[in-house]
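Here chain A shows up in two complexes: once beside chain B, once beside chain C.
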Partner chain A sequence: MSDYKAVVIGGSAGSFAVVLKMLSNLKVTFDLPIIICMHRLKHIRSGLVESLNVKSCKEVIEPFDKQKIERGQIYLAPSNYHMFIEFDGSISLSTEDMNHQSRPSIDYTLSSAASTYRDKCLGIILTGANKDGAKGLKDIADKGGFTIVQDPKTADVPTMPKAALEIMKPNLILSPDQITDFLNKL
Partner chain B sequence: MVLTINELKSVAAKMTEALKVDFVNFNSSFFRRRLLYCFDKMTVRKLSEVDALLSDKQKSDTLLYHMLVAGTEMFRDPGFWRSLKRQLASKNKQLRIWIPELTNCYELYSLLIFLDANGFTADVTVNTSSQRVIDEVKTMVIPTVTDELNKANFERLEINKSYDSYVESSEDKTQIKLRQGMLNNVVFKNRWFMNELPGKYDLILMRNILLTYNKPLHERAVASLVGSLDSKGLLALGIKELPLLKTTMFSAIDAEESIYGRMN
Partner chain C sequence: MDAKEFLVQLKARTGYDFCDYSSLSITRRLEKICEENKLTFESLLSKLVTDKAFLSKIVEDITVNTTELFRDPEVWISLYKTMYQKLPSTGTITFWHIGCSVGLETYSSLILLKEIGVLDRIRVFGTDLNPRVLNVAKKGSYAHKFNEHFKTNFEEVMRNIGSKSKFEDYFDIDEKNDTMTVKPFLSAIPKFMQQNLVQDKAPFPYKVDIVFVRNVLIYFNDALQAKVMQMINAKMYDEGMLILGKQELIPNRYSGQYKQLGYVHKRM
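For the complex of A and B:
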């Protein structure tokens, strides 16, 4: 496995199918923590993580505040909470104001991961309907991390990947299948 | 403004001393983020302005007001309120309820409507670090920005009453307000809850406040709150908060909704 410390993924609600496919096709030996921030309905707490767990190679959990990040674990930002990555390797949650009308905000998760993991962070932006996440991915790039943007041509709603491409140059622009292949080769 | 770790520690120490709230033991990344948010709101451009700010009563209260993370909506997590109704059903008495750190009107107004709609009676004590929160809550104005969400959450409480029966338009029809009289059994205290003497409450609502603390303060706060519960009293945390304190004094009553009960 590479010397990355975590994979951090952002996408809007429409990225569910992409994330599901990625998680179902990842090797079970993939042991980096995967931290996913997906836009979701605020008032529906259950269903999303359960749906991901039907096909995911590993269990997906919605972390509690101050929960330690473990290798090989997959974390999904809980509904109506922002999710931050802390310097001590734990997750913190917050009910602060929405960002880009979103709570959880992808920018917040990715930017905090950039500060914590710096050049050991691998950030991915998937299909999405607003600009949340673009700045966070740029922060990962600015700290020396590796960045991947889903090819807008393969995105159901390309606003989010296009917004990222407008403000930064990612290391790779890939289709969802190519992203999964890339991760499996780490 | 970029703040070094030493500058943050210095500001936290000054704020703790001046405001009697333990900002030194707030989650450090939250504290940095929130302090910059406060400085932006209050147009503080230099750290050298902090001393003057802390010595000005009104400005320091404004700082406390902005440091508090405002509640997001009324009846947040409807499943919690449904569970709370079941837990309180057996407590056939005038309840004593405490909200240790109120951040805006939402949690209190939700509680008051919930109690009335379910036929519970209670004396409610509310603490908050900021006097401005109390002043705003006493206006009984409900921000319209979350009106649809408030109503949608209320519908999910499965109560046979209408949300609209608890609100009324202001005289000039420009605002929505909580119905007159709803605050009659509420006592407000402008003091950080950790500086209070222990009480004897049947229910303590402390949802999503511990998120802003580091682990040692979180543990001290939970110990303090549990110490203020009456026998078989209930402690409600946010649904993604765990009481990290290891003790046999309390246990989960409804883990999914983060409701804990005192055991002795």
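For the complex of A and C:
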């Protein structure tokens, strides 16, 4: 499976349904770690991981601090924690200030993945009502990683994909189904 | 100069040692400080070496102090059933909140201890590196409107432990000055003291029964985590219990010494 070391995905408003569909249509044999950072509504703090697990091809876990990232696993940033990918390939969590009113911040997860995986990183930005994530995706592109932005025309809320497109040029602009196909063909 | 070099220099020239903090998080903090003060790592360092007041301020800014009353209510609800209701029925019980920040975790615990009815035989310590948060903890006074979720968390916990207590039983609310202040009968109990986990011993002479160290070890690398675990083990009674943050596990080398029951890690 390809040269990549990990797939990192960021999304906000509307992205739950997209991620759910992606994970349910992904081949069980998909072997790269998938690292997901999604904004959550304030009043729905728990339950996200459970809901994803109803349909996902593989178990989605909210990692513990310092947990090693392994092939074939799916990680979801826990509510109220920022999630970083450390250089040794482990996850670290933090509760520092919000970024773009968000904790977890997609920028933080994506930028740290960019530094750690460099050109072996595959980054994806989905629908969302917030700018958080655009800079992170740019960092992935700047380090030579591969980047995909959800086509704003297919996004529930296009602010996030548009913010990314304003500051960088992704390798691909795709609909959610095309993104899943792309991953399945890796 | 990069963040790592900066930290080595800072340690050599001021004695403040953040070298064993998780690298990405500490790097982000430092970059933010540079940005806010319009400084480079080099110029930040020279200012820190010459300006004592600035140094204290930056040390305070480096630490992450986020906390809440009853942060992660489901954890407290579980602790009430698995721990608070099962505390020994006689004798003094000693609590230690490591990295207590502005004291809200300590007061959350004290509220549950009052609910159980054991306030008269507990000893409670809160320690932190940052003097600014310790001062707030001692006063037990917080902004009101900004922190409305404290009340939401409080009510969720009380509902789930079958208590009729009201927020106003524990806090004095001053609408005019927009503050809520822990009532004196509670805020008189804990002792808040400064301790730097990197280099200081525990600042009190007692052994402890229950240690909270939530969302503190996440900022440290393996080496510093191990050091803190060692200090905790040395201070804790054999039947002691340890409470970590919701997304934390006992560091690898020590996991064999504790048995996990829900959110409680019991010493074996």
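Note that in this section the second predicted complex is superposed on the first by the 180 of 186 C-alpha atoms of A that agree within 3 Å, B and C clash if a C-alpha of one lies under 4 Å from a C-alpha of the other, contacts with A are read in each partner's own complex, and residues count from 1 in each chain.
Definition applied: a contact is a pair of C-beta atoms (placed from the backbone, for glycine too) under 8 Å apart; a residue touches a chain by one contact, two chains touch by 3 or more.
Quick caveat: nothing in here was measured; it's all calculated off a predicted structure.
Q: Quick one: chain B and chain C on chain A, clash or fit?
A: clash
Q: Does chain B (first) or chain C (second) touch A:Ser112, or do both, or does neither?
A: In the superposition, A:Ser112 touches chain B and chain C alike.
Q: Return first, second, both or neither, reflecting whether A:Asp177 touches chain B, chain C, both chains, or no partner chain.
A: A:Asp177: touches no partner chain.
Q: Looking at the overlay, does A:Asp142 come into contact with chain B only (first), chain C only (second), both, or neither?
A: Neither: A:Asp142 stays clear of chain B and chain C.
Q: Considering only touches as defined above, state whether A:Pro78 meets chain B (first), chain C (second), both or neither.
A: Both partners.
Q: Please write out, lowest number first, the residues of chain A touched by both chain B and chain C across the two complexes.
A: 62-66, 78, 80-81, 84, 86-87, 92-97, 112
Q: Can you check the complex and tell me which residues of chain A touch chain C?
A: Within the complex, chain A touches chain C at residues 46, 62-66, 78, 80-82, 84-87, 92-97, 108, 112, 115.
Q: Quick check: in the complex, which residue numbers of chain A touch chain B?
A: The touching residues are 42-43, 45, 62-66, 78, 80-81, 84, 86-87, 92-97, 103, 112.
Q: Looking at the complex, which residues from chain B come into contact with chain A?
A: For chain B paired with chain A, touching residues are 27, 29-30, 33-34, 69-72, 76-79, 149, 152-153, 156, 208, 210-212, 215, 218, 238-242, 244.
Q: Can you tell me which positions in chain C touch chain A when the two form their complex?
A: Residues in contact with chain A: 22-25, 28-29, 64, 66, 72, 74, 215, 217-219, 222, 225, 245-249, 251.
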